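These are the structures in question, set out in turn.
First chain A sits with chain B, and in the next complex the same chain sits with chain C.
The block that comes next holds the complex of A and B.
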């Protein structure tokens, strides 16, 4: 079994928009990077952009963390757009029905545009 | 008459020598004679004191044997007569850390360098005398002494002036005498050397303990302490018996590295032993004291060195052990006793060496065992090393028992899961069934269930609990139990029932699940986020659906497909599509589809060979007998 790379998460803010940029593998060890980062978002955050362009691999436990983030965001009324997923994980996210909570975009520009005005 | 005058001259010369005349062998041939006469000393520095003509009658007498002058710089002088010798020499015992030797005012050698403060540990040293200087008759030896040694309270030889140590005579005989003295000095230390070599090997052993050993960090620190001790001992032996190439000043730096390692390693060890982090303040104070102890000037460094080497860590570790005893930590009592032994030894050595250095009162710091010495702190380590080895053995046994128990429990869980999951040879009328299940750990999170029913119908449930191991395995048991008690065979109803069961049990995870009900002509499929099945190698389009255990209001849409005879539906778990090779590439959906026409065994094997990371499940259902019409 290959060693997993540690997940890093960086937050960029622009008004009510927060961009969560993830890096590395997203696994069960990524709880702090995924949910911890989400929990620390500023209260004025309304839109969230999830950037997976530097993520090569998400296992089922890692996807479970993303699902929890999406559910929390949905409850809190945050709009979430996602970009940068590899075609493989775009398909996985679609199969899992996560497009109910977030749209998948090929790049950041398209994802930002999806927030509209 | 001339004889009378000659007698008067001899008498006057003898009187001039102020009674310092030494009885000297006057025979020819290989001989040596002890310079045990009336040595005189005087504090200070004056090169005129080297002169044979200098009158030292007012100098203080130096007792042989007896204590050396307490001063840092002083001279000693001795008047004597010698007879004839063909190859004359002078042997001086371990009188000082550095000195220059003058024979009738001529410098004939030195030990270290008193001017540049370069020193050696005192030892027996032979000096060659030019024949023209050592003519039969009266002579004066003057020694310019600098007691500039480090005063490290380690078993290095201390400076002394003993009867018989200082000799004059034939050079070859003096060499022999010096060798005999060094051998006699070395012999009692043999046991010490052997014991310390044993500690060195034990240190290597502790240091190389495999990571699986319980409390491995603590034992590795103990190994470092022993290796630090080995460095100290190695330096001590070099200082005492090594060649006089490197002055002691150079060696003592390395010796202090060993002292540091022993001191600080003991503190790290004691905290690691109780699985506690070393408090920052304790570490700072220990480093500071151990560092400050080194440059303290002679003779007080003897005490500070001892404090640094043993007393500081002893106090810290006794305190740590005492705290753990109060907390009733396992084995703390035994450890407290061990650290008490260490503390007592350290305290005794500190006091003994301190008294010896400051007051000249000798206290035994070594145990005499049949003519061999065992230093008290080596005796202390002789208690420690077996105790630590026993501790390792005991914790290993405990760890092994625990590991065996866990292995047994995991094996039992695996057997239970095997009973819960269908066997490979399951049969259902009208279907050819082939399945492969390879959990990534003993217990897996994948599952599949087949429920043959009347009228050639068959309910197939394939799923995957997120995560692996025992937790996922227990959820699988819950799911299988719920499936066996299901109220309906309709796929969307089965998913709804399972969702209700899993909602309170998933703890942030989820379960993907695909249900398919094979009836006479059709297959009804409902998919909760699982990989869609392949029909004859082509992926069946199923509507996306949330996994189970996330949303109480989730619902799933059913898809109906028709199968002809020999049509085959194949399910794989994400362990197949997300198998990863050494380059971290995924097997992926494309390769999975290319494999989808092969047997379940071949697909599972291909995924395993690609690089298994997750549970691998492959279930293949082929309709045998029913002629099916495409809708």
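The block that comes next holds the complex of A and C.
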């Protein structure tokens, strides 16, 4: 029996922008959903939005995968904005310093606007 | 089972055992949240507790019981007038006296620090009291407590420097 809810990840593309929409749990079991999805992004991708609005459960192992994604995005020159986190996880991301590498936004519109242009 | 976490009132306790399988920490998390809500903790304190309990259970499952499905993690919730104490008991030897590291995002981003290993820092930051107690014979526990009369002030950006 596998008690962990599967993580779903969906990608929406619009020009050089890719939106990664996560759903379910983001845990140590989410490597393929988080990093696998990132690795498969089209080469022309320049901006990435991370959507956590349908994530029900997030733990430190899942956050470690998000940090790894940010690490890879940083190396590749991708800009990353994040939205849809609950106030609690906005606080947790801030405590852990992730906001140095991705800004947190209340919704998709604000996150998109943060790319400018 | 221990007595009241603080004060002199008789504690009311609830116990549950969860299998040493990742994912079952959510059962403990939900139970702790239900009890905290019953006691009147605010929504943000309940969310803090949920994360702290989940992380403590994950540590117990992964490190204490080494994912051994034949072992369970015992979770004891003790309610006193103003305090909710949660003990998460496993069969391991505990963390010893290892200090809790504040995660450093820059070091992580540069591959100089393990990506994982943030759980104990989160636990310590999110509850009013956190301690880890080891028994040399095997069997250790994490004890977390939150108090109704205290607002937890969490400092943001703890890991941004260095």
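Some notes on this structure:
Convention: the second predicted complex is superposed on the first by the 114 of 117 C-alpha atoms of A that agree within 3 Å, B and C clash if a C-alpha of one lies under 4 Å from a C-alpha of the other, contacts with A are read in each partner's own complex, and residues count from 1 in each chain.
In the analysis below, a contact is a pair of C-beta atoms (placed from the backbone, for glycine too) under 8 Å apart; a residue touches a chain by one contact, two chains touch by 3 or more.
Nothing here was measured: the structure is a model prediction, and the numbers come from that model.
Look at chain A after the overlay: chain B and chain C clash there.
Using the contact criterion defined above for the overlaid structures, shared-chain residue A:94 touches chain B and also reaches chain C.
Of the two partner chains placed around the shared chain by superposition, chain B and chain C are both touched by A:61. Residue contacts after overlaying the shared chain place A:71 against chain B and chain C alike.
By the document's definition of touching, of the two partners only chain C reaches A:29; chain B does not. Taking chain A as the reference chain, the count of touched residues is higher for C when chain B and chain C are set side by side. Under the contact criterion defined above, the residues of chain A that touch both chain B in one complex and chain C in the other are 1-2, 28, 57, 59-61, 63-65, 67-68, 71, 88, 91-92, 94-97, 99-100. On the chain B side of its complex with chain A, the touching residues are 440, 445, 464, 466-467, 508-510, 512, 527, 529-532, 544-547, 550-551, 574, 577-578, 580, 582, 584, 586, 588-589, 611-614.
Interface residues of chain C, counted against chain A in their complex, comprise 21-26, 44, 47-48, 51, 54-55, 58, 103-106, 108-109, 111, 115-116, 118-119, 121-122, 125, 154-160. Put simply, chain A touches chain C in their complex at residues 1-5, 25, 27-29, 57, 59-61, 63-65, 67-68, 70-71, 74, 86-88, 91-92, 94-101. Of all residues in chain A, only 1-2, 28, 56-57, 59-61, 63-65, 67-68, 71, 88, 91-92, 94-97, 99-100 touch chain B in the complex they form.
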